[in-house]
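The next part holds the structures, each set out as structure tokens.
After this come two complexes, each holding subunit A, first together with subunit B and then together with subunit C.
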Partner chain A sequence: MIRSYNAKMIYNLYIFDKTGKLLFYTEWNRFKQSGMSRNEEGKLMYGMLFSLKNFVTKISPYDMKQGFLCFKTNKYALHFMETPSGLKFVLNTDISAQKVREILQQLYNNVYVNYVTRNPIHNLQDSIKSELFKSKLNSFMKQTHIYLSK
Partner chain B sequence: MASQDVLFEFLHHEIVAYCNSKSKKEKEDVSELEYIGFACGYRIIERLTKDWPRFKEELDMLKFLCTDFWSSIYQRQVDNLRTNHQGVYVLFDNEFRFLSRISEGNQYLEFAPQYVSYTCGLIRGALANLGITCIVTAEVHLMPACRFHIQVQKS
Partner chain C sequence: MIVYSVYIVSKSGGLIFNYDHTVSKVEVEQTFSYPLEFKLVNENKRVIVSFGQRDGIIVGHVLMSVNGISLTGQQLDDGKDVFEVLENSENYPVSLKFGRPKMTTNEKIFLASMFYPLFAIASQLSPEPKSSGIEILETDTFKLHCFQTLTGVKFMVVAEPTDIKLDVLLNRIYELYADYVLKNPFYSLEMPIRCELFDQNLQLLLEQVEKSGLANI
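Entry: the complex of A and B
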């Protein structure tokens, strides 16, 4: 299988609520697992994000409104978005992806709000089990400019 | 503007949750929910038809229900209306507003009756104030499509 690391790709998505619980995880292209269970990975990710946010605000030479946005490695970039209600969206993409913040914002507005918040059956403290949400999420991602199917 | 119809949606969810919590039996009781819809439908039809002349016949009333009534409450029109011209009418809505956020297909199908009984009452109340006594039931096989069966009672 030829993997082109320079192609635009979305790797995976995490959604956390304000208490740090992993509400949703999905992956589109993940070539290496972290070696720990999903829950542990979620806790690690959440703890790291929490520390990063605090660190970034403390070290900042300016007064900042938004704070931590993303980090980049040589193979992937992690993009972070927090809503006023404390929901945290984490999206891993390849390094050449542009305007990922807009995508995360649209994901929240068009997919999460419509199919999770407006779903009366779903209890907002639980993890997301709605098939409708999953299928809308997948079709939303497929039409973004950074998605490339294998 | 968009926030106004979301308000109604959320209120409806809470009404359903409230009726479920109030119901003392094991099985959830939708008759209270249906009565709430009846009372609303009875009054809302008065408000919606205030500028209209009297309807000539039953079928015209049903057509009004499918177009103006449905679009002012659910922002869409009923997709199909069938009748046997002997007092039985079926309204088809392929994307019923209260079910369209829940699922597409079979997931959560067991919760569907709770979210359509308010509307059954709404239809029954609206027709009652127009002079038609009827029984309204709903069928959901594949979300979010929904069918409302109206059986007119001849007194």
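Entry: the complex of A and C
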């Protein structure tokens, strides 16, 4: 696969419910698999986020409002958003991506609420299998400023 | 540029150095009438708010004093039990001081060793090959910058949330570590750092950063 290393990119998205169940996973660009099943990977990711949240509230010099927002390594950035109902959105992008939080908020408001919460035959505890949600999510991501396929 | 604290974690994950530069004080003192609208519990030898919220006092804050008398555990310094005092309506109105709990040394050691696996998992879950661990951790109240040396020692700086890259500062701290800790003949690797010169120079460096930014260090 040929690609330029400085390209703006969205890697993948995880959605967890408040109990830590992986409701939804999708990837646009992923160049390394973690070497475990999706379910296991979800558990590891949730475990990391759970500990990070704990870590962050303890080490913070002041009382927090939103808490943990994102972290960056030298290769990727992980952005995190939690709704008041405990639903967690995790989006991995390249490190140069800006204002990803707003995208996550829009994703929740415009895509998740419209096509998952308002779906009468969907049970909120179940993983999301709706094709409509998938396609709307895809088109939503493709029109964001950080999306660029290789 | 405000730097809150600096941590150094050895390659095996233990905290070997910690320095709190800017100490943030979150304290609220208020007069309350009976009945108290908070639910207090004794947790880890501290009296903590477990339910209720008012004027900046939130769940998780610690009760620091009652009518100006400070307390240890759940006992006031004049010998009374804090829960008995607060249950009795005759003692009201009462002035209570709440504050954000300060981290104890034990908690710091615990947190520093907690960062190690998070750092490792972040690189394992990377969608790109050959990713490093966490370099910058962002929250709404602070930003944590981490630098790992080739030998695996981690330097962490907790600073205010700005877009400025702190690489220069971390490199300077590494330099100080190399100069005043590693070259100290009485220092053995992996052990807690107790070097006066290192403390002094680090303090000097952080004061400089606070006054004039990162431009001339």
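Assorted remarks:
Everything below uses one rule, namely that the second predicted complex is superposed on the first by the 150 of 150 C-alpha atoms of A that agree within 3 Å, B and C clash if a C-alpha of one lies under 4 Å from a C-alpha of the other, contacts with A are read in each partner's own complex, and residues count from 1 in each chain.
Everything that follows uses one rule, which is that contacts are C-beta pairs under 8 Å (C-beta built on N, C-alpha and C of every residue); 3 or more make two chains touch, one makes a residue touch a chain.
All of these numbers come straight from a predicted model, not from anything done at the bench.
In the superposition on chain A, A:131 makes contact with subunit B only, while subunit C stays out of contact range. Judged by the touch definition given at the top, the superposed model places A:118 against subunit B, while subunit C stays out of reach.
Taking subunit A as the reference, the larger set of touched residues comes from C, when subunit B and subunit C are compared. When the shared chain is aligned, subunit C comes close enough to touch A:74, but subunit B does not. Of the two partner chains placed around the shared chain by superposition, subunit C is the only one that A:62 touches, whereas subunit B remains out of contact.
In the superposed model, A:34 makes contact with subunit C only, not with subunit B. Touching subunit A in their complex are the following residues of subunit C: 4-5, 22, 24, 26, 58, 60, 100, 103, 107, 111, 114-115, 117-118, 121-142, 144, 158. In the complex of the two chains, the subunit A residues touching subunit C come out as 11-12, 27, 29-32, 34, 41, 44-45, 47-48, 51-52, 54-56, 58-76, 78, 92. Within the complex formed with subunit B, the subunit A residues making contact are 114-115, 118-121, 130-132, 135. Residues of subunit B touching subunit A in their complex: 6, 9-10, 12-13, 16-17, 98, 101-105, 107-108, 111, 115.
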